[in-house]
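In the two assemblies presented below, chain A is common to both, partnered first by chain B and then by chain C.
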Partner chain A sequence: MTLKQNDARVKTPIANRPWFIYVVLSPIFFVLLGYVIYPLLGVFRDSFFVNGSFSLAYYKRIFNTSGMTNLQAIWNSLYISVLSVICCGIVGTGLAFLLESFEFPGRKALKAFAVIPMALPSLIGAISFDFLYGSTGIIPRGLKAIFGLSAVPFALKGISGVLVVHTFTMYTYFYLPVSAALRNADTSLEEAASGLGASRRQVFGRVRLPMLTPSITAATMLVFMISMASYTAPLIYGIDRTLTMQIVLSRTNGDLGMASAQSTILAMISVFFLVIMRAYEGRRNYSGVSKGSAIHRKEVKGRFTRALTVAGSFLAVLFLMLPIFVIILISFSANGKWTTQVLPPVYTLNHYVDLFTQTKFLLPIKNSLIMSLAAAAGNVVFGVAAAYFMSRRKFAGRGIVDKLIMLPWSLPGTVVGISLIVAFNIPTIFSFGQVWVGTYYILPIAYFVRHLPLVYRSTCASFAQTDASCEEAARGLGANWFFGFFRVVLPMVAGGVASGAILGLVQGVGEFVASILLYTSKSMPISVAINQQMYSFRFGTACAYGTLQIALVAVLLLISERLKGDTASGPI
Partner chain B sequence: MADVFLRHLRKSYNGVNAVEDADFHIRSGEFFTLLGPSGCGKTTTLRMIAGFAYPTSGAILFGDRDVTALAPNKRDIGMVFQNYALFPHLTIGENVAFGLRIRKVSRADQAKRVARALDMVNLSGYEKRRVHEISGGQQQRVALARALVIEPTILLLDEPLSNLDAKLRDDTRSEIKRLQREMSITTIYVTHDQAEAMAVSDRILVMRSGVTQQLDTPQGVYMRPRNRFVAEFIGKHTLFDSKVLSVHGDMVTVALKDGTKLTGYNRNAAEGVSFTLGASVLAAIRPECFEPAGDREENILVGNVLHCEYTGMSAQYLVFTQGKELRATLVGYLPDASDIGRPMRFCVDTQKLYFLPAEDAQ
Partner chain C sequence: MKKSARVLVFLLAVAMLISGASLAESKTTVTIYTARDTNVIEYVKPLFETAYPQYELEVLNMGAQEILERVRAEKVNPQGDFLWGGTEAAFKLAAQEGLLSAYTPSFAADFPAAYKDPNDLWYGEILLPEVIMYNTEALTEADLPKDWDDLLGEAYKDAFIIRGVLASGTMRTIYSCMIYASGGSDPEQGYEWLRKFDANTKEYAQNPTDMYLKIARQEGTLSLWNLQDIMIQKIVNEQPFGYVIPESGVPILVDAVGIISGAKNEEGAKAFYEFLFTPEIKLALAENMYQIPAQGDIPADKLPQWIQDLELKAMDIDWSVIAENEMTWMTYWDENIKGKN
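This part shows the complex of A and B:
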C-alpha cells in the first residue's frame, strides 16, 4: 500500500454519474416542454401578434372602454368568483361546524351525503339544477301547482343560478378541510385557554379560529380559482359575459389571437392565486403541532329540537341527492313530451336501449372510456416516473419540475384547451410532425395534460410515507435496479398510484370544458354528447348519458374506497 | 468471509470532503466499528463499502477483488439499516427469503434456510406475520436474519440500535455480538455511541469531519487516545494545560495554571509528547482516575463541588476547577450533602494520569 492512489479518480458506473439523471429524466422534460411549456408560450406569443407582426391590438380591444364586452366579462368573472367564495365559505364552514360540534340524530347520514357534490360531473350538476330550480323547473312549477299561484314563486336564472350551482358543487372545498381541522384540533389547547381565563368567545376568536385560518385561506384561493375557471355553469345559465365564455366564443368565431389574449389574462389571474395559495400553505400549518383529545360534540337535547334536526337532516340529504334523482328520473322520460307539466308525463326505457344498441349513441361512451383510460395510463407512467425521481433522487431543477407538473391543474380547462389548439394546429416535433387539432389524439392529450399532477401527487405522498432505504435493502440483497423497482418500490406505492389513476379516470369521464373546445365528431365524449342532446331538447337521452356518467363515477369511487381499505400500509 | 481493504478512499460532495483519505484494513472475521459524532463520514464510508455511494478517488477491495465501482447487488453483502427497511408489502418470511429468491435458491431450501435464520434470531414461527404486526426490536432481528440468511461476505450494520429503547438496545447488542462470533463473519458496524462501540468491537476507527482520528482496540482508544478529540469523545477525559516541572526517572510532574502539581508516568503519554523541562503538555484525567483524598498531600486537585449524585456503587461529583467543569467518580465513597457548594480535595491516581501533546489544543 505504498502506492498513492489519490489522484486516480474512481470510474463510477455510468448510472451513477451526475449527468445520467438528466438522461433518464429527458422523457419527463420532453413531456413538460412539449405539452405544458410550449403550448402556454404559444398562447402568450399569439396574444401579441396580429398577422405576424407584434401588436397590442388584442389587449387594446379587451381594455377598450367603449366596447365593454371584455371588461364586463372580467368584472363578471371576478365578482361571481368573490360571491362564490363567500357563499361556499358560509355553507361549507357552517356545515363543518354543525357536523363536528353537535351530536344529533341524522348527523351521520348528513355527513355521509355531504360530499356527494364532489362526485357530480360539472355539467350534470349545472343541468340538474336547471331541471330542478329553473324557471321551468320541477320545484318552482310544483309549488305553483300546489299553491295555485299565477306564476312560479321563484326561479334560478342568470348569475344567481351560477352562484347556487357554484355553491352546491364547491362548498366541499371549505367543508372538507375545515371539518378535518376541527376533528384534528386539540381540545386541550382550548381547555388551556379557558384555564388561563379566556371566555368562550375569546377561546373561539383567539384559539379556534386562528387554527382554522390555514384551511379557510387555502379553500378561499381554491374556490376563487375554480370559479374563475368555471365554464359549465355560465354556459347553462347563459351568462355570456364571463372570461371563459368569451374565450370559447372567440375561438368559435375563429379569432384564435383574441382567445389567446383572453386566455393569457385568465391564466395570469389563476397563477397569481396559485402562487399566493402555495406561499400561504407553506407558512402556516398547525396540524400535528400537538396531539390531544378529540373534539367533544355537544349533544342536542329536547324532543322537539331532536325531531327538528331529524327533519332538517332529511331535507338536507334530500337536497343533496335531488340532482342525481332528477337526472335518473328524466333519463326515463320520453323526449319532447315534457312541456308545461310539473313532472315528465311519459316514461320509456328507450334511451338506455338506444345508448347501448345504436353505434351513434354508443360512440361517446366508448370514446370517454377509451380516452380517459389512455390519459390515465399516460398519467400513471409519467406520474410514477416523475414522483420516483422527485422523491428519491437529488438533482438541480427539482423545484421547477414540480411547479410545471402542478401548473396545468391550476389552469382553467379553457386555457389548456386553447393552448393545445395554438400548439398543435401546426405540425411540431411534439406531435411527431402531425397536425393534431381536428384529430382524435388531441382529446386524450388534453385529458393527460389537465390531470398531469393527479398520479404524481398521490404517488409522491406514498413515497413520502415509505422508507427510502427499502430500495437500498433490496439492492444490497442482490436485486438489480429493475427487480428492486418493480418488486419493492412499486408495490409499496401502489396504493397512491391507484388512487391517483382512479381520480384521473373520474375527471376524464366527466370532462367537459376542454372537450367542448377540442372534440371532433369521431372523438365526441359523453359530456359533449349530453350538451348536444340538451340543445336539441332531447332531455331524456341527455339524462340517460348523465346517469351513465354518474354510475361510472360512483363505481370508480367505490373501487377507490375499497383499495384504501385493503392496503395495509394505507396509501394517502 | 473476507478481508476488506480501503485504500486512500476519498468522497467529496461539491468540493467538500465528506471522507478524507480513509486507508485501513478490516481483518477477516473481525468486528470493526466506525465511531464518531453525526456528520463525521462514518455512514458515508459504510455506504461506499456497500456500494450505495461511490468514492471520488481511492479503492475498496474485498479480499483481492476490487469492488470500488461495483453495483451493490453484485457485492454479496448483508446490510442492516437504521430503520430496518423491511418490505412492508411482504410477510416476515418473504422478507427473509428475498435475497434467497434473487439467488434462485429452490423453494424447499428457501423455506429451510428462512426457518433456520428466524430461529437464530429467536423468531421461529413468525414467517406469516406482517411487518407492522411485530415490535421494533423484532423488526430489527428480522432485518438481521434477512441480512445473514444469504451468508454474505461482509455484514454491514448502520446504527442498528438507535431506534430501540435502552433495555432492548443492550439485549440486541449482545445478540448481534453472539451471532457475529458464532458465524465469525466480517462485520462493519457504524455507531455514534461510544459505549456501544466499546462493548462489541474488536477494533474501533474513530472519525471526525471525515478524517480518521485513531484506529485501535477498545482499550487502546479508551486508555491511550491519540489526540484531544478522541480523549474527550471516548474516555470523557478532562484536559488541562500544563507545563513540565520535573522529570525523575519515569515519573513526570507537571504544573497546572494555578500551580497545582500532578505527577504521572511518562509511559502514559500519547505519541508526540515531549517531557523536556518547561514544555507544554495536556494533562488528561478521566472521571474514574480519582480517589478520595483523605489526608494525602500529593497529586491533589481542589475544586468547588457543583453537584453530587450518589448511585450506591459510587459518588459522582461535578466539580469546578481551573476554569472548567470536571467529572469525578469516587467508587465506594459516601458523599456528604454539605459538600455541595464547598471546595473539596480529590486525589489523582498517579498510574492513571495521561498526557497529550499541547500542539493538539487547536
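This part shows the complex of A and C:
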C-alpha cells in the first residue's frame, strides 16, 4: 500500500512538471543543435578567420569592386531567380487558368501530363534539355538537317538555358496551388460582385485575383529560393558566375574559407526569404464562406478552334514528355558513338544488362535507395516526435524550435554540404568522436537534415486536422501513453507522415547538389554516377541511370498520390 | 488510413533490410582516383585484374584538381588507395601536405631523379606535352597558329573552347606555364597574355567530354590540351582532331602516381603501382594509348614510331615556382580575367 502511494507520488508529478517536456524534447534538440546549428555556425566562423585570426579578408574580396567576380555571382543568382519566378508564374498561372476555365478537347490529357516535370530529378532534367535544345541538341540540329541550313537555327545556352530549365521544372509550384485555389474558389462571390454591377475586369482584379494571392505569393518565394539554390542548371549551361557555382569552384581551388564566406551570404539570402514567406503565410487568408461549388468551365466552340486546341494540347504534351523520351532513347544508344549525327546512330541493350548484372553498376542505385530510406526512417522518427510535441504541447521556445526545424528547408544543398564538411572533418560529440567526412554516414545525414522539414510539415498538417480529444479519450479509457500514441494518434496522422516521408525519398533519390560534395567511392548515389558517366563520354550509361531514376521517382509519386486519395476518403 | 500505415511500415522494413544487407561486404577492392582518359582506364583495368585476380579495381574518374581536393578533404578518413595521374605541381603540394605515403618501388634504382620525389612519395609515370589542339575538318595547314603568341591574334577570335580551368590539372598547368614564360614569378605580363587569350576564348567547357564534343561539332575549332588525350581521341575515338607543337617549346608535364597516405588497401595499391611500370605495360600503353613513359629504360628503337617521330622542345620552366604560385595565380585569373575580355 505504501509502496503504491510512493509510486504514484513520484510518477505523476515528474511527467507533469513544466521542465519535463524539455527532457522528452532533448533528442530533438540534440539533432537540431548537432546537425543544423553547429555546422552552420562552423561555416559562419570559418568565413571570419584567416589562418586562425579574425579577419574580414574574405568579405573584402567578395565585395571588392575591382574584380567584381563575386558581386557578379550574387547579381546573377538574384537575376536568374527573379526571372525564374516571372517565367514560372506566367506559365504556371496561365496554364492553371487555361485548364480550369475552359473546356476543350485535349484538356484532360494536358491536365494529366502537366505535372510530369515533377518526376524529373534536377540533374537529369537539365541534361535532357541540353540533349534536346542545346547548340548540338537534337531539335536544333534536326531542323538544320531538314531545312539544309548552314547553322543551327536556335540553341539554348547560357542564362536563357538555365531559365528554360527552371521554368520547366518549377512551374508546377505555381500551377498546382493556383489551380487548386481556382477549383475551390467560391463562385458565388464573383456572381455577387457582378450582381452588384462590377465589370468583368473588376471582378477579376478585385475578387478573383485577391483570392489567389496567398498561393501565388507562397509559390513566388518557393521558386525564388529554389532558383537561388540551383546548381545543376548553371553547371550544365556553364554559368560559373552564380553563388552556388562559385562556392564549389572555391572549394575545388582549395579555398575553403572563401567557400564558407560565399555560403554564408547565400544562406543569409535564403533565410531572409524564408522569414518573409513565413511571416506572410499567417497574414492573408481569404477563405470563402461556403465550400466552393464546381467552377463552370467555358466550352470552346467552333470546329477550327477546337482542332487548334487539339493540336496545341498535343504539342504541349509532347513538349512535356520529350525530356523523358530523349533520356530513354539515349539510354539505348552505344557509348561514345554519338558525335555529329542528329540522333544516336548505334543502339544497344547493354547498358541495362550491365546495370542489372554487374554489382558495381547497380551499386549507385542501391546506395541511393539505402541512404534515402535510412534518412527517411530517421525523418519519420524525429519528424513525428517533433510534430507531436509542437502540435499537442505548449512550452516556451516552441516558435524557435519550429523555425529551426524548418531552417534546412531554405538552405541550398551546397550550403548544407559545405557546412557538414566544415563540421565533421574533425571528431565531435555529434559524430560520436568520429570524423564523418569521407565515410558512408555523411550522405544519409545530409539527406536527413535536408528532408526533415518535409516530414515535419506534412505531419504537422495532419495533426492540425485531427482532434486532440481522441488521444485524451483513449487515455481516459485507461490506455497508457504508448498505447494511446501508437494505436490512436499515429494511425490518425499516418497519411501525412507517409506522404512527407515519400516526398523526402523522392528528393533523396534525385539529390545531386549536396551529394557531389560529400560522396565517397563507396557511397556514390545515382545522380553522381550520372555525372561521372557524362564526364567519361558514356551518355548511354548515364541515361540508363537517368531512366531508372525517373522510374523510381515516378513510382514513389504514384504511391504518394494513392495515399492522398486514401486520406481524403479517410474517416476524419 | 490503415493502408497508408502499412505502406509506411513496409518501407521502413525494406530500409532496415537493405541497410543490414549492405554491411556485408566482401572482396578486396583497390580504389583508384584518376584523371586519366576513360580509354586508358578501360584498357588497363582488365589487364590488371587478370594479372592480379585477387584485386578488383574501383576507379573514380575526375579532374586532377578535384582529386587533390577530395584527398585533402578525406585526409583523416582516406577513401582512395592510389592516385593515378596528376600534375607534378599537384603532387608536390600533396607531398607537402602529407597526403601521400612513401613507397620505394622495385624499379627505383635507375629512375631519373628529375621525374620523382626525393622521398619516394611519388614517381612520374608519363611525360605529357601540352600542345595546341584543333579540328582537322575546320582548319587547314595555312590557318594554323605556329606559336603561343599567335593564339592572341584577331584571326582566332572566339575560336577556342577551353576545358574549365580551375578543376583541370592540365589547364591549370598550361596557364601557369604561360604566366611563368611571360615574366617568371612576376605574373603581371602573364595576366596580360591570359586577358588577350580570354578574349579569344568562346566558351569554358565543364568537362573534357564536353570540350571534345564542342570541338568535334565545330562550335569552336581550337583548344589547348595534352598530347596523349588528343591522340586517344583522334585515333581510338576517331575524332577529327590534330595538334600543333608551338615552335618556342611546350610545357612538358611530368604526370605522376603515388599511394595515398593511410590507404586502406596499401598492398593492392603497391601491386597496381608495380604493374603500371612493368616494361610490357609501359610499351603497350605507349603504343595503344599514346603515353610517353617518363622512365627512359626502354631503348629508343623499341619505342613506337610516333614517339620516335615526335620533335618536342621543352619550355624552360622552374616547376617549383609553379607549384608555389599556382593557386594564387588561378584564383586571380578566375576572379579578374575569366570571361571579362
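Here is the rule we go by: the second predicted complex is superposed on the first by the 547 of 572 C-alpha atoms of A that agree within 3 Å, B and C clash if a C-alpha of one lies under 4 Å from a C-alpha of the other, contacts with A are read in each partner's own complex, and residues count from 1 in each chain.
Keep this in mind: a contact is a pair of C-beta atoms (placed from the backbone, for glycine too) under 8 Å apart; a residue touches a chain by one contact, two chains touch by 3 or more.
Every value quoted in this text rests on a predicted model; they were computed, and no experiment measured them.
After overlaying the two complexes on the shared chain, residue contacts for A:Thr136 are found with chain C alone; chain B is out of touch.
Once the two complexes are overlaid on the shared chain, A:Asp467 sits against chain B while remaining clear of chain C. In the superposed model, A:Ala479 lies in contact with chain B only, and not with chain C. Looking at the superposition, the partner that touches the larger set of chain A residues, chain B or chain C, turns out to be C.
When the shared chain is aligned, no partner comes close enough to touch A:Arg303: not chain B, not chain C. When the two structures are aligned on the shared chain, A:Lys394 is found in touch with neither chain B nor chain C.
Contacts of A:Pro491 after superposition on the shared chain: both chain B and chain C are touched. Judged by the touch definition given at the top, the superposed model places A:Val435 against chain C, while chain B stays out of reach. Contact with neither chain B nor chain C is seen for A:Arg201 once the two complexes are overlaid on the shared chain. In the superposition on chain A, the residues of chain A touched by chain B in one structure and by chain C in the other are 491-492, 494.
By the touch criterion stated above, chain A contacts chain B in their complex at residues 1, 4-13, 16, 466-467, 469-470, 472-480, 483-484, 488, 491-492, 494, 568-569. Taken in their complex, chain B has these residues touching chain A: 5, 7-8, 10, 21, 23, 50-52, 54-59, 68-69, 71-79, 81-83, 85-89, 98-99, 102-103, 130, 132, 143, 146-147, 150, 156. The residues of chain C lying in touch with chain A in their complex are 1-5, 7-8, 11-12, 14-16, 18-19, 22, 31, 38, 58, 60-63, 65-66, 68-69, 72-80, 164, 166-167, 203-209, 212-214, 216-217, 219, 237, 239, 327, 330-331, 334-336, 338-339. For chain A in complex with chain C, the touching residues are 61, 66-67, 69-70, 135-136, 235-236, 238, 240-241, 249, 251-255, 336, 339-340, 360, 366, 369-370, 373-374, 376-377, 380, 421, 425-426, 435-439, 490-492, 494-495, 497-498, 501-502, 505, 520-522, 532, 534-538, 559, 563, 566-567, 570-571.
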